[in-house]
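The following pair of complexes shares a single chain, subunit A, combined with subunit B in the former and subunit C in the latter.
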Partner chain A sequence: MTPTRPQTEQEKFGRHRPLTDRDAHEINRIEELSYDLKVREVMAHNVITTSPEVPLASALELLRVNRISGLPVIEKGRLVGVVSLEDIVRALQKNELPLPVKNYMSTSLVTVKATDSVVEAIKTFSEKRLGRLLVVDENHNLTGIITKGDITRGILLAVQHDYKEEEVRRYRASHLFEDIVSDRTTLVLRYNIKAGDFTHGGNASSNIKRALLRLGADFQVARRCGIAAYEAEMNLIIHTTHGGILKLEVEPHKIILSTNDDGPGIDDVQKVLQPGYSTATDEVRAMGFGAGMGLVNINKCVDKMELESAHGKGTKLVMRIFISSETLNGKKATP
Partner chain B sequence: MHMNLEQIIRIAQGEVVTKELSTDVNIHGGCCADLMSDVLAYTRPRAVLITGLTNPQVVRTAQVADFRAIIFIRGKKPQSETIEIAVQENIPLISSPFGMFELSGKLHDAGLTSYETNDSN
Partner chain C sequence: MNLQTIIDQLQLTILTEPRDFTSITPQGGYASDLLSCVMAGAKNDNLWITLQAHLNIVAVASMLDVAAVIITENAQPDEATINKANEQGVILLSTHKFSYEICGILWEMNIR
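What follows is the complex of A and B.
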């Protein structure tokens, strides 16, 4: 079968262009969904098939009744070919409709695996320019059939599902803050962090991140807060005499993370803000911490950071993240 | 290019440490580091982390930074606390006999994209 239609823009440039490391940074949500979506989730399962000995006229009838354009050909349970409307048209031109399917079927089979991501199927579609792909399992047995329409429908459903989840999350978050009437509502979570407790290091931050997600925070906002909280939590574990308190305050428009401890305090606050400055022991460094990047990282993740400390007294670190929207998910309010 | 974790395990000749977790996971890219601050600051979510550290903080770091799996290099095996947290947070752990450079090269050659960043957010 030689293709006669000109290549589409997408086939020429879009899908064949190899993805560079830089491009990966600009992958959008739809593309992400099509990577996560599996062929088996969108394919048609009940495939109408025929066998090689059936006359082409009967195959045509099957296509007509079921309003489809191609049939996989199965012989003794094995996939041996595929017969399409175009094959039957060729037979019709030579008046050979009474001949068996095997005389006209195509035996060069293009298949995708049921476990492949939908992106693989999209690639194969644009490379081979076919209307449908046969879906097989590991043993090359036919398990389904997939068309471009199935993929479009699958992605639309996934987008719809994604959107609904987002709606539910937004509702939950706004719900909490709207139901409780006050001039200023703040949700406060406190975590006691023990000095030297490396085994549980990160537990509080992990819980902070989870709490923010449950409150409807946007994925990126929760990640930024989680990272800042984690660095701050490790600082309490590594550097304090008696540990300290890690606090999360959530309001509809901002998130405030803070740590408080009672010593030993920092001699030179400007110095600890320099990238690479560290007082960590070798033991701490062996664990992958203490490279002098903690406060620098925190500063990158939050909108505003304040560090107050006096030697012999203790340290107070305040990190603020502002959210320019009505809820926690960082979506701009529509005017 | 994205890659299924099972394909990554084959390339890494990896041994799955967290037997109870599914390895049918879509991995968007790869990052490697031994400094947890680097992992937190210079990576993008949904990637696999390649590291030489095996303590529980590695899993915590991976969870906070949204990694989908961790590969330990040079055949290192994590301690039981590390495995416990990984199972709880659903982050598969894999042990590979290769060194960090070799493993990263193999995965990059196979098409796995770098998910490391060098910009300042």
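What follows is the complex of A and C.
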């Protein structure tokens, strides 16, 4: 590694990008990163430049001292060319090192934008077979320089960062039940669900699924709980007067999901359990809800479901999932 | 068959951020506009074909880890929906064709 090389943004600030559930479950996203990472995050910022009138011998000395292989050429603040080691070798063959840089520099400039994805730079590299690309801002001013090595380093750092972050989270969470000693440990998560809040519909259940994966639940268990939680969450949004609470209780061998609301309550509990029965309005149906399958789905996903309701009072739905000893006790989850 | 090939052959418009679609291999598909049916019927890595284009499809797609959502009949999701899909890693694709046609073509392409 070159000691003079300036830090990239990546090294200085790290990356903060939300991981999807799948990422959380299995981290394998080098290709995705090449789309996510921007050129400015991996490029070198403090670019060493030269000017057109400087003798090639001095340019060679700059390359040697800084251990680099190319120099952008700047004239009156404007980017006019690039001189590379190959150009200097050509000059050397003709004994023309005392001549100015402008005689040998290349003026067909290949640039990438600082805001481009790294994948754009990779494409340009493979098309043009160049060692370095000039990075410019929207006004075509030079802001950095990028090599294939910078890209490799940037991606490796990003992968390492993502991986570490998720590993640490998973590790901490999955040892919760081992680390805290009691006769019976229960982790309780509560989510307040607002009536009619379609904009946030599914957020709580998505968080529930993520939490279970981090706690070490296997993928199928997390998926079943996620689906049940989603249907229950949407029921609170669609059918209640004031919304309600969605609660997740996790113990090493069982998961209890429940919802509580204060109305309007269900007239006929048997009827709502029939597939296809729905009381949803036409408006809600137009969005694809109200298929009359919500509770039916929940029943399929969980091991035990209890529904209690009284018209004019409210509804309590309890869903239980029993899990084998292999998960949620600190042992590694199976994908 | 990878998702890039499917996008090319069906001439689908990519609504969410570009990424390497060649690394995604959809396994079969599921078509419905009723979200609860999708919850019950769609599997991991399925393509989900629907003409729903509102925000809530993202939660469903993300919960089920479907390979991608193909929105038919030119239904246009709003910006919030696309942003949320990007946030959650959900791929949204769009076409002017009917769901029926898309399913037919996919079936012929042996995405079953």
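Note that in this section the second predicted complex is superposed on the first by the 168 of 335 C-alpha atoms of A that agree within 3 Å, B and C clash if a C-alpha of one lies under 4 Å from a C-alpha of the other, contacts with A are read in each partner's own complex, and residues count from 1 in each chain.
By definition in this document, contacts are C-beta pairs under 8 Å (C-beta built on N, C-alpha and C of every residue); 3 or more make two chains touch, one makes a residue touch a chain.
All values derive from a computational prediction rather than experimental measurement.
In the superposition on chain A, contact of A:166 is made with neither subunit B nor subunit C. Residue contacts after overlaying the shared chain place A:249 against neither subunit B nor subunit C. Of the two partner chains, subunit B and subunit C are each touched by A:202. When the two complexes are overlaid on their common chain A, residue A:293 makes contact with subunit B and with subunit C alike. When both complexes are overlaid on chain A, the residue A:262 reaches neither subunit B nor subunit C.
Looking at the shared chain after the overlay, A:115 reaches subunit B, while subunit C stays out of its contact range. In the superposition on chain A, the residues of subunit A touched by subunit B in one structure and by subunit C in the other are 19-21, 32, 35, 117, 198-199, 201-203, 205-206, 209, 223, 226-227, 230-231, 234, 287-289, 291, 293-294, 296-297, 300. Of all residues in subunit C, only 17-20, 23, 33-37, 39-40, 44, 50, 52, 54-60, 62-65, 80, 87-90 touch subunit A in the complex they form. Here subunit B touches subunit A in the complex through residues 1-2, 4, 24, 26, 28-29, 34-41, 44-45, 51, 53, 55-58, 60-61, 63-66, 81, 89, 113-115, 117, 120-121, going by the rule given at the top. Residue ranges on subunit A touching subunit B, taken from their complex, read 19-21, 24-25, 27, 32, 35-36, 115, 117, 119, 198-199, 201-203, 205-206, 209, 219, 223, 226-227, 229-231, 234, 287-289, 291, 293-294, 296-297, 300-301. Here subunit A touches subunit C in the complex through residues 18-23, 31-32, 34-35, 117, 198-199, 201-203, 205-206, 209, 223, 226-227, 230-231, 234, 287-289, 291-294, 296-297, 300, going by the rule given at the top.
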